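Going in written order, the chains are labelled A, B, C and D, and every chain counts its residues from 1.
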Amino acid sequence: MSLFIRNYKPNSLATVYNVKIWRLHSTAAESTQKKDENEEEFRVLDILKKKDRIQRKVTRRADIQPDRSDRMAPDQNWGNVWPGPKTFHPSSVPLPLRQGYVPKGQAPPGKKANAELMKVPNFLHLTPPVIKSQCEAIKQYCTEWPNLLNSQEAIEKHYPVEIITSDYCHASPSIRNPLARIVTLRVKLSTLKLDKHARDKFIRLVGDRYDSSTDLVTITADRCPARIQNTDYVNYLLTACFHEAWNVEEWEKDKTEDDMEYYDWNNNASKKSLVNWHLQKKGESKTLTDDEYKSFDVSEIQHADGYKNAVSDWMNSGESEETVKKYAEAVRKLFGLPEKKVV
Amino acid sequence: MNTSIIKLVQHSLGVSGVLGQCSPALASQLHTSAPLCRVVSGKYRITKKRDKPLTYEMANPPHYIAHRKSWNSWNTSNLKDGLRRSETALEDEFIRRFMTGTWHGLVCSEIIVKRQFNHIRVAGIIRRAVSPTKMYFLLGYTEELLSNWLQCPVTLELQTVDSFKDVVFKYI
Amino acid sequence: MLSRNWRHLCRRYSQAVNFRTTENSPAQHNDKQEGLFYTINPDLCKQLFAHGGFPRSFMKQTKTFTETAIMVRQPALDLLACIKASDMSQPVIRYVLYGEKGTGKSITLAHLLHYAHEEGFLIVHVPWVSEWLRRVPRHKEMSNSQTHEGFVDLPLDAAAWLIHFKSQNQTLLKSGELKTSKQYVWSKRETTEAGSPLAALVEHGISRVKYACDVVDALIDEIKILSNAKQCKTFVAIDGFNSFFYPLTRLNTPTKRKVKPEEVTLTTSFMKITTNDWNNGAVVVTADQLAFPDDHQESYLPRYLLYKKGFEHLDPFVPIEVGRYSDKEFISCVNYYRDRLWLRGPPEIEAELKFTSASNPYRFMEQCAPL
Amino acid sequence: MANNIRNINKCIPRNSLSYIVPRLLTVQQYREYARPTSFPDFFQNPIFRKEDQAQLIESAELPKIAALPVRPPAVYQTSSAYHDPLVTKVINHVMEMGKKQMARNLVEKAFENIKRSQIERYHLASTPEAKAKIELDPKKILHKAVENAKPLLQLQPIKRGGITYQVPGPITEKRSLFLAIKWLLEATNEKERTVHFPEQFAWELLDAANNTGKVVKRKQDLHRQCEANRAYAHYRWQ
């Protein structure tokens, strides 16, 4: 039995023949019945009513149409046969498909009654001619790409503000995904044209939203339920930060050395101690005010410039063996001490 | 390990209803759900006469999903960060039961539920045991009721076969 | 010709195994002695380092080796050259020794102390600052300062340091040339007259422990004045100096308030002597990771260890790195240990030890111990 | 192991070697691992000492076993110059709760203590003969101490006629080593709370190496007991 099925199932042609055979049989059976009524023959006791059962089946199968795929013309318009996404149907696809894993040496199950083929998403509605015709159809709604925006740099120059949103393709009774509301705004800080103070203040205002390595400010909003609201909000935030950055408040004058974003040697204790040392060396003992310290010209001290650079480098680029070594060299020069011997 | 616990419970306490009688803490620690019985779940016993028919789907145990066979439910909820996980699973199960009940004795394969956006496609292989008129009625009936309950368009995309024997892959 | 070659060969060979120098005076040390060990006279050693100055593990070694031998290393030679080259009439130059744990900062400092002693410097040496601020034995005496409002005194530690100071500067104090510049009134009955010898001041601090901290403060002031007046040269050596700048000490006042280092009177005194507003001296301090608790030992570089405050206090200073052994030093040290029976076994062991200890002097010593 | 392979090579033609080597080796190879590993038995034990490797190269055995699979060496199997199996054994005995680093530190501290006291005695000794007598290597002292602490006989409780007799009998090499280390450690742990383990262990080792002290006495007591129970010896086989 199993052998029969295996031979029978994969072969689509066999089914067609089979159906035809069935039909022949059924007509034959009907004719015999008519004969029975006319000429009274010896009636055989048919307890199981075998013939009746066969008859019932046959009448039902009579209306089965042959496969549509058999009747398809080779030059038909496939887009009309399969216009949209649809589960695979073997009778509509005139391809000898097979799908399934079988032991070596056997043929995989054919396209009829094959649930695997029905499971996989198919793209039979997206054949190249169909795509082409659909593109042609929507072409009238498209506009041309601006000529001047021919490179990435040009795009960045004319449209420095970048708005990033995500659309989600998902299956559920509602096609709205709440994550789609999130809006990210990205802009290069250098395109904002801020001055020194404003830039510093802007960076402090946006906090960790500024990445110094890429010079990008990234503002993300997800507090409103709709995307348009969030877009408005990020734009508002950028505008507000920008204008606030230009404001100079009264309390900003109290900015101390600890609040500085970089190490300025002239304003720091290092210069003070150098000047003190210099004055002491000359034998003058006088106390200077802070402004006098700041405006003190260090060029009259020998090797002071090297020292200044070394200290600034140490503080600004971080402590490392290299910077410490550089500092040591500068200080030795300043004090007139012998160079360290290189081993 | 899991299966042994389950067997033990099944042997000593009787099969069902007993878990409910156990204390809630114990019941919550016993996993009787199918995925944990990976030795037996989704597998069929070989009969003596070797005459049990298996479809292709049944012939491949669950660990072959995505290797030899594919999923019966296609949706985005099962992906990472998918929405409506439990609802989707429940609805799919409901669709399956409704289908097998409505097309009583006619469904030859598993019901395949595919979701695209808000559209649910239900596919399956149906035996041609009832008249086409009835079939058309059942088709409309199912689509109408399901879309009413699930609040989204439902399409039935069925394939018909002469008899169950057409979908049989092998006998064990 | 042949004999000359032979002699040359002999000398080279002896050079290779030679690990000792007979030149025991640090002032005479130069590049020729680099990597060689010299021995410190036991009496002198007792005088200089009886109250601290060597790490404990090194003290143990001296007992086992029955001698105190120090390797002449590049950082010490470098510092010696700098001190010799510096102009004494200029403001003092601060040197900061830094380096990884166990590379020999304290030993380098001891070497310099020996030099200072020999050259007749007045030595102001603090063996280990953390001993005062971070080590809290069961009976740590603390009191609120009488003279400075809101400050904390450590009288016992101060007295112990005075004893150390006295023993290190025995000869200078005995000569009695160093005199106080002004009168100090301790209480109604106790005063130290102007013009009395410095030794008397120190003695007072030792005998009247209550005033030890104030005595230390006065002593530091006097030393600065004396140095400025060219009556003596002063050598300041402070080990674990960065401990003064760690935000908190482990001391608690009786009211369970955490004490900050700047609230300890000893800190203010030693801050005074490490500024560069005096001359005729040299200041050598070390920045050591071990002076900090374990969770603040991420880097051994001076800026990290001194914090901003310490850096600004010392700046401009000369950083001097004490590094790991060079190849030559390592071989010399191996030979020394073999001579002292500390290291035995086949010669392959040396390469392995060099690799596993990464030429770190302390780790090398430790790893030799069980062999 | 090298011997095994040599024998095999003599009796088996070349081409069948790859098939037969694993099967034969399973019978002859001993396991160095405490627990069965996930490696099949035909995997070779690693040869991690440089001396052994040199020997293999010299006897031209290396190319023969070069292609065979090898188990990974354990952590204590190093090619270090100061590798000593007995020392690792003692460290493992000292270890508690798997704290090997701690155990290793303790044993090494004990070695250091031994070394310091011996060097001190060396310096105190006046004549060169006396100096030459003093053993300075702590590892040699450990070996000597363990050797001196090893018992030669043991008492086994055997039940005969309802009475348990302490029957003297021979002892295996392995058990005697085990007992020696165990006794040394037990003697060490009977100490004042203020005395630290490394110090006490160092003393015990020095005592045992001199054939004196608690451990050696314990061994001698055992021997005496065995001697006294000589009459029961026949119970071992009856």
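To be clear about the criterion, a residue touches a chain if its C-beta (ideal position, glycine included) is under 8 Å from a C-beta of that chain, and two chains touch if they have at least 3 such contacts.
In this text, all values refer to a predicted model and were calculated from it rather than measured experimentally.
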- Item | Interface ranked first by C-beta contact pairs | A-B
- Judged by C-alpha centres, the chain sitting nearest the middle of the protein is A
- Chain centre separation (subunit A, subunit D; CA means) in Å: 63
- Message: Centroid from C-alpha atoms only, then distance subunit C to subunit D, rounded to Å. What do you get?
- Response: 47
- Message: Which positions in subunit B are in touch with at least two other chains?
- Response: none
- Two or more other chains in contact with one residue: find those residues in subunit D. none
- Query: Considering the complex alone, what residue numbers of subunit C touch subunit D?
  - Reply: 60, 64, 66, 340-342, 344-346, 348-349, 352, 369-371
- Contact set on subunit C toward subunit A in their complex: 31, 74, 77-78, 81-82, 85-87, 90-91, 93, 98, 276-277, 299, 301-304, 312, 315-321, 326
- Item | Contact footprint of subunit B on subunit A as seen in their complex | 1-2, 5, 9, 60-61, 63-64, 85-87, 89-90, 100-101, 109, 112-116, 118-121, 169-175, 177, 179
- Task: Enumerate the contact residues on subunit A facing subunit C in the complex.
- Result: 268-270, 273-274, 276-277, 280-281, 307, 311, 314, 319-321, 324, 327-328, 331-332, 334-338, 340-341, 343
- Residue numbers on subunit D that touch subunit C, as the complex places them: 80-82, 107-109, 111-112, 115-116, 119-120, 122-123, 136-138
